[in-house]
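We call the chains A, B, C, D and E, going by the order they appear; numbering starts again at 1 in every chain.
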Amino acid sequence: MIKEKKITETIGLAPGTLVHVGEEPLRPVTITLIEYDKDNYRQKEIKSIDECFPISDTSMKKWINVTGVHNLEIIESIGKHLNLHPLILEDIVNTEQRPRIEDFEDYLYVTLKMLTYDEKDEEIDLEKLSIILGKNYVITFEEKAANVLDIIVNRLKSGNTKARIRKSDYLAYSLLDVVVDNYFALLDKLNQLIEHLEDDLVENPTSEVLMDIYELKRELLFLRKSVLPLREIIGSLCRVKTSLIEESTLFYLEDVYDHVRQIMDTVDIYKETISSMMDTYLSSISIKLNDVMKLLTIFASIFIPLTFITGVYGMNFSHMPELEWNFGYYITWIFMLLISVGMLVYFRKKKWF
Amino acid sequence: MIKEKKITETIGLAPGTLVHVGEEPLRPVTITLIEYDKDNYRQKEIKSIDECFPISDTSMKKWINVTGVHNLEIIESIGKHLNLHPLILEDIVNTEQRPRIEDFEDYLYVTLKMLTYDEKDEEIDLEKLSIILGKNYVITFEEKAANVLDIIVNRLKSGNTKARIRKSDYLAYSLLDVVVDNYFALLDKLNQLIEHLEDDLVENPTSEVLMDIYELKRELLFLRKSVLPLREIIGSLCRVKTSLIEESTLFYLEDVYDHVRQIMDTVDIYKETISSMMDTYLSSISIKLNDVMKLLTIFASIFIPLTFITGVYGMNFSHMPELEWNFGYYITWIFMLLISVGMLVYFRKKKWF
Amino acid sequence: MIKEKKITETIGLAPGTLVHVGEEPLRPVTITLIEYDKDNYRQKEIKSIDECFPISDTSMKKWINVTGVHNLEIIESIGKHLNLHPLILEDIVNTEQRPRIEDFEDYLYVTLKMLTYDEKDEEIDLEKLSIILGKNYVITFEEKAANVLDIIVNRLKSGNTKARIRKSDYLAYSLLDVVVDNYFALLDKLNQLIEHLEDDLVENPTSEVLMDIYELKRELLFLRKSVLPLREIIGSLCRVKTSLIEESTLFYLEDVYDHVRQIMDTVDIYKETISSMMDTYLSSISIKLNDVMKLLTIFASIFIPLTFITGVYGMNFSHMPELEWNFGYYITWIFMLLISVGMLVYFRKKKWF
Amino acid sequence: MIKEKKITETIGLAPGTLVHVGEEPLRPVTITLIEYDKDNYRQKEIKSIDECFPISDTSMKKWINVTGVHNLEIIESIGKHLNLHPLILEDIVNTEQRPRIEDFEDYLYVTLKMLTYDEKDEEIDLEKLSIILGKNYVITFEEKAANVLDIIVNRLKSGNTKARIRKSDYLAYSLLDVVVDNYFALLDKLNQLIEHLEDDLVENPTSEVLMDIYELKRELLFLRKSVLPLREIIGSLCRVKTSLIEESTLFYLEDVYDHVRQIMDTVDIYKETISSMMDTYLSSISIKLNDVMKLLTIFASIFIPLTFITGVYGMNFSHMPELEWNFGYYITWIFMLLISVGMLVYFRKKKWF
Amino acid sequence: MIKEKKITETIGLAPGTLVHVGEEPLRPVTITLIEYDKDNYRQKEIKSIDECFPISDTSMKKWINVTGVHNLEIIESIGKHLNLHPLILEDIVNTEQRPRIEDFEDYLYVTLKMLTYDEKDEEIDLEKLSIILGKNYVITFEEKAANVLDIIVNRLKSGNTKARIRKSDYLAYSLLDVVVDNYFALLDKLNQLIEHLEDDLVENPTSEVLMDIYELKRELLFLRKSVLPLREIIGSLCRVKTSLIEESTLFYLEDVYDHVRQIMDTVDIYKETISSMMDTYLSSISIKLNDVMKLLTIFASIFIPLTFITGVYGMNFSHMPELEWNFGYYITWIFMLLISVGMLVYFRKKKWF
């Protein structure tokens, strides 16, 4: 369900060399420029990144969203315009980088993993989102067009929300908030899977169930690996002393931070749940084995003595008095029945059936 | 036994949008206004929340309890009257929110999970309680009427307790105290379940026992998830520097904090106990299997050789001297008896029965 | 072996209400007043607690030991005399309370769990000890007469120890020291049990052994739960800034603290040991099962083919040439012997026996 | 796959005694002196270490790479020239030392474990790299010629990189960066192994798979042991206050630090994954056993009763009426067929096949 | 292999009472006085401890080594001469005490567990070493003559080492260094045991292997318990602010501290390795069981149907047409062969053999 990409491709390259690390892109890079203030909202797809600069030419707040990070010229051009640190640029194009936050004097760089559950393909979609927050602009870089961000676009368009009035830091917060909210959807999905497996756990412990439990564990570990640095980042975002984030936005960020911690708590609970499932599964397999063996033992214990008796009277000794008895055959049957009934009573007492 | 609700419904909504997240309400919202001081006590159900404001019109302390958080107008109205932060309001109506504490200048916001064991339905009841503590008032929001709070109402009514004399922070403390006390009841219940399972663990390890152990683990994880933030909240309540909580009340809060830690300790002990139960269960299943197999082996090992012997003398070779012997049949019986006894002695020595 | 008591009985009571929580008392409350200084030692059982007050009427140090905490008047009376905080009084009578320490200006309150191993009943005895340390007095409350404290009484009586010369804080330290020493006795007992179980673990893994391992784990968890807060308490006792504890006594307290940490280390080691025992037990059960199955397989694999052969020559076909051979019967025997020997050699090679 | 060397050989030696601890060297020691600045690059193999000193004779930055640490004279000579602490020298020649960092006034000493995956021999290569960073020089000591460092040599040679312009601390950073990057290659390799094992886990759980899982766990533990101190070292390198590392290089070091933490996260995920694999493996073995036993039970349960019936009519009683019936034989066959079909239907219902 | 001694013997004794706790001594107490400075070295066995005092009568550094701590007069006499704290004396004679460090104004007290592997008896030797470091003297107390200390004596004797020139703190450091080095030898030994067990783990999982794994785990836990406080002690020795330890020696101590941490890392790795071994062992037992059961099932599944067939034609019905056929017997054989081959092909396909 999840595919992690190789991170070895950059080994040996000088730091700061721009190399796109990630899956080959399928779509061309699109750049969307959104300008907004309390009363106005303008959105257009632009061809050349240079149209956006200088970034503070108007009094409107700007949001530049770059979809696709494999076009290195665009990234480099933005880097030059805003005087970004070379490692930041390298980080943007490397989609494997660990989430991080960097606090520069005139901008703040945050990179996140966006996890979304793709209902259609039944897959977890992992995508990197890089955010540069400046005085009155936000630049976002996403690997491919994720409809996650559309939510925010619509909110800005609709016009009556705080998002239009407040500064750019509120937009950055909104982005984080939406990313974090998507983790909850994933958790719900995993919860469904867990509940689904629980039904089969004791009743029907097949090897498919086993494989599903294992899969689930893997996905949970993957999720945890993504959330862990997220918590760290948003945590340090709450503590960072920067003029770029206003006091009032900090409060909202703390709310997001609480959400991330709630996600971590839930992931940990799920992890322990799945461990218990594995133990329960193993026990339940053992119970099944016990049942199988009990059945075998009941059959064997009843018929093996009986077969022995028939064997005795199937012997060809010339002198076997019982064989001559008139009721020998019937007596044998009665004897055998008694044995069977005795065994059955014994096993019944043992509660074997 | 426990049902967690979905948290995905608010994804994509602008922060601060009031949307009630939680089960559909069954009862109408009721608002209870309690006014009290050393000598007086007045309680009435009110229709409109506006009757309560301005909140500090009298010298009496006020407690407004809102049962049901799905009526958004009431919440919004309170928010306007007291100038509450929009995220606080969102938090109140969202019953899935992680417990938290927010310290504003003129009020303190605390939200908790109340867990009560419903003896009738054999269910754990999870309910959110939000508390706003102001200078001389406390406002509480509960999802549905929980008789947990009645205890405090009665205490206030009876009149001779400290609760009437002391400030509103003491009322807030009392609420926390009652909530925490209810966790102990849950622990007792879980302890009963554990002890009940222990009896069956080795003697009668059926798959029902297995499922019960698993259930118990799940509930414990759920409990732990609820207590964890509770500890944090009450801990920070003890350390928070606010004029709203008096020095003398802090001491009481520390007592509650000690209780919560005791709960955590116990939950952790139970968790380890249940892990041990699972291991013990698995081992005990293996022992049972061993017993089954021993029985089968005893039966098979005794009768298979005997049956072979009868088979030998059931062969139809024209020349088989033993068949002609006068006492051949009896000698065979004696031989077979000796073998049986020998095997029995062998298994006895091995302590198989 | 261990019985935990319910803690739910106080739910819903106003804080500070004195209710005795614990097992019903069997013995009447006794109060012992010990007065001592360098040269004198007076001990008497007193009827009324009022005889002890005012507490600093003489220059001698006082130790008041109250055995039995179910007489609420006595507790309340002491509370009034010394102006104790109401929660402290509640804490003294509630024998389920978590160990804690409270530092007031003119007294220090410490409550501990005393664990002693009752050799006679093979039980762990859990008892609460509350200590109030004042300027020149110590008041102790124990649930029932524990001979643990006699050690200290005797030491004081004998007269030549430091205990007589030094201040009351030294007496308080001595009490802690004796309580902690008793934990070591328990550890020794548990160690014996562990070693005893180890002998049976691989050789004789019965279900009794399994139950014993489980029991042991439970007791260890219980022990751990008691020691954990003890460590905390004595640790904070070492750091507390109070005029009631002299510099020189602090050094002794640190010694006790070291002991408690040693206990914790040992408990943790034991816990891991028992986890290993459980794993070893399960493995050893599996080995036994393997042995059983090997025996069955050897028997079955040898005799089933032989029985088949006898079956062949027991058939009644009219034309079976072998049956007419002169040495047919003997050849069959030789053939069967060869098969048996072959199988035995095969199993021998596999090291099955 | 991994071989750890003994660390006991230095026991009993006075501290500061130079003894080479490690595998016997196969190659002679080579010393490479690289001098570079913005415009020049000179590289030569030198015979005597003394040619390099005094180290700051030119304005060019120097990099002295010593391949092979078993020539103690060279190490001692460098020590004398640069006035290194005796323990540092001991540390350089002891290839078993734990990674560490030492901050002296005029030089910084860092030692690391380089782990590289040797594709040819399918082995993990463990090598120690010691770095001494001075004002305008870097001295590196490697156990044997590792092509890891060639990457940096080439980068310096090519001339247009920052490496040539920036100070020696940047060279030191580059070395760390390359070492850390090689860990990622190892992780990729381990990931491949994990995915490879996953395929066999449920379908084909042989004992080879078991051994491979165990091997993998061992390697992961080994990897973890190497990364743990690495994280520590680079972490403290980021915090160290020294004039040897420039502000701008610190930023790069933090990037490396992030990488190391990412490695740790991944190692921990892998560790948990392998634990799950082990559990899954055990469960899957149990499923296989169940299948085997079901087959046996089906066979036995069908044929044992049938064999009993044939045994009955193989008895030689003189009076057995069924034997005389005309259709006795056919009736018996029909009866036996009914039993077989009945059993098969029963097992089918139980979903045994 | 390891024997822990009882710690209960001192319960009830007044603190500061000198009681020797430990195994009964076999050898008499010997006191060795070593005096040394840059140019001189004098060593003699002395009869009375009083010969050593006053301790600073000469300008030479002194090392008094007391072998055997059961002679309480000697300990007490030293205590009086140096004005040692009574608890320190108690600690010296109590060989069960947790390692600790105490920093007094004019001396430093350190107590350690020395673990040495006794090759002859294949036993781990646990011994306590107490060190008192004064201005120009070191006093050591060892339980019995351990040749560990001889290493240092020889180093001092040989004369050309730093040990002779540097102050007494360097001697103390050397002692710690030698003790810690001996832990490495133990780790090597354990590593050998682990590798030895790994060979048998999958191939030959007998109950001896199981017991060995369990033993190993126990020893490792024991080792861990000893190293844990050692790390703490040496760690706080590095941080302690005392004039007794010179700046330059601190650097050496940090080196020892690094060693201890390396030991802890290794112990933790070993612990996890052994846990994996236990899991692997259990799985490998299950594989063996599977193999046994497969063999049984193959035998049973082939011969049970055949035996049934022979049973059919062994029946004595008067009318059984097949019996009269000319080739009935041969046809039966062919039929039985076909069944056998069919079963074998089936099991072969299932890869059972």
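In the analysis below, a contact is a pair of C-beta atoms (placed from the backbone, for glycine too) under 8 Å apart; a residue touches a chain by one contact, two chains touch by 3 or more.
This structure is a prediction, so every number in the text was calculated from the model and none was measured.
Engineer: For the copies subunit A and subunit B, give the interface type as same if over half of its residue numbers appear on both sides, and as different if under half do.
Structural biologist: Counting shared over all numbers used gives less than one half: different.
Engineer: What is the Cα-based rotation angle between copies subunit C and subunit D, on a 0 to 180° scale and rounded to a multiple of 5?
Structural biologist: To bring subunit C onto subunit D, one rotates by 145 degrees.
Engineer: Could you give the separation in Å between the centres of subunit A and subunit E, each centre being the mean of its C-alpha atoms?
Structural biologist: 42
Engineer: Using mean CA coordinates as chain centres, what's the gap between subunit D and subunit E in Å?
Structural biologist: Roughly 26 Å separates the two chain centres.
Engineer: Using the touch rule from the top of the page, what residues of subunit B touch 2 or more other chains?
Structural biologist: 279, 282, 286, 289, 293, 296, 300, 304, 307, 311, 314-316, 320
Engineer: Drawing the touching chains as a network, do you get a line, a ring, a star, a complete graph or other?
Structural biologist: The chain contacts form a single closed ring, each chain touching exactly two others.
Engineer: Round the ring, from subunit D on through subunit E, what is the full list of chains in order?
Structural biologist: D, E, C, B, A
Engineer: Which stretch or stretches of subunit A touch subunit B in the complex?
Structural biologist: So the residues of subunit A in touch with subunit B come to 151, 155, 161-163, 173-174, 177-178, 181-182, 184-185, 187-188, 191, 198, 201-202, 251-252, 255, 258-259, 261-262, 265-266, 269, 272-273, 276-277, 279-280, 282-284, 286-287, 289-290, 293-294, 296-297, 300-301, 304-305, 307-308, 311-312, 314-320.
Engineer: For the complex, which residues does subunit A have touching subunit D?
Structural biologist: That would be residues 4, 6-8, 10-12, 14-16, 85, 87, 91, 97-98, 100, 205-207, 210-211, 213-214, 217-218, 221-222, 224-225, 228-229, 278-279, 281-282, 285-286, 288-289, 292-293, 295-296, 299-300, 303-304, 306-307, 310-311, 313-316, 320, 322-329, 332 of subunit A.
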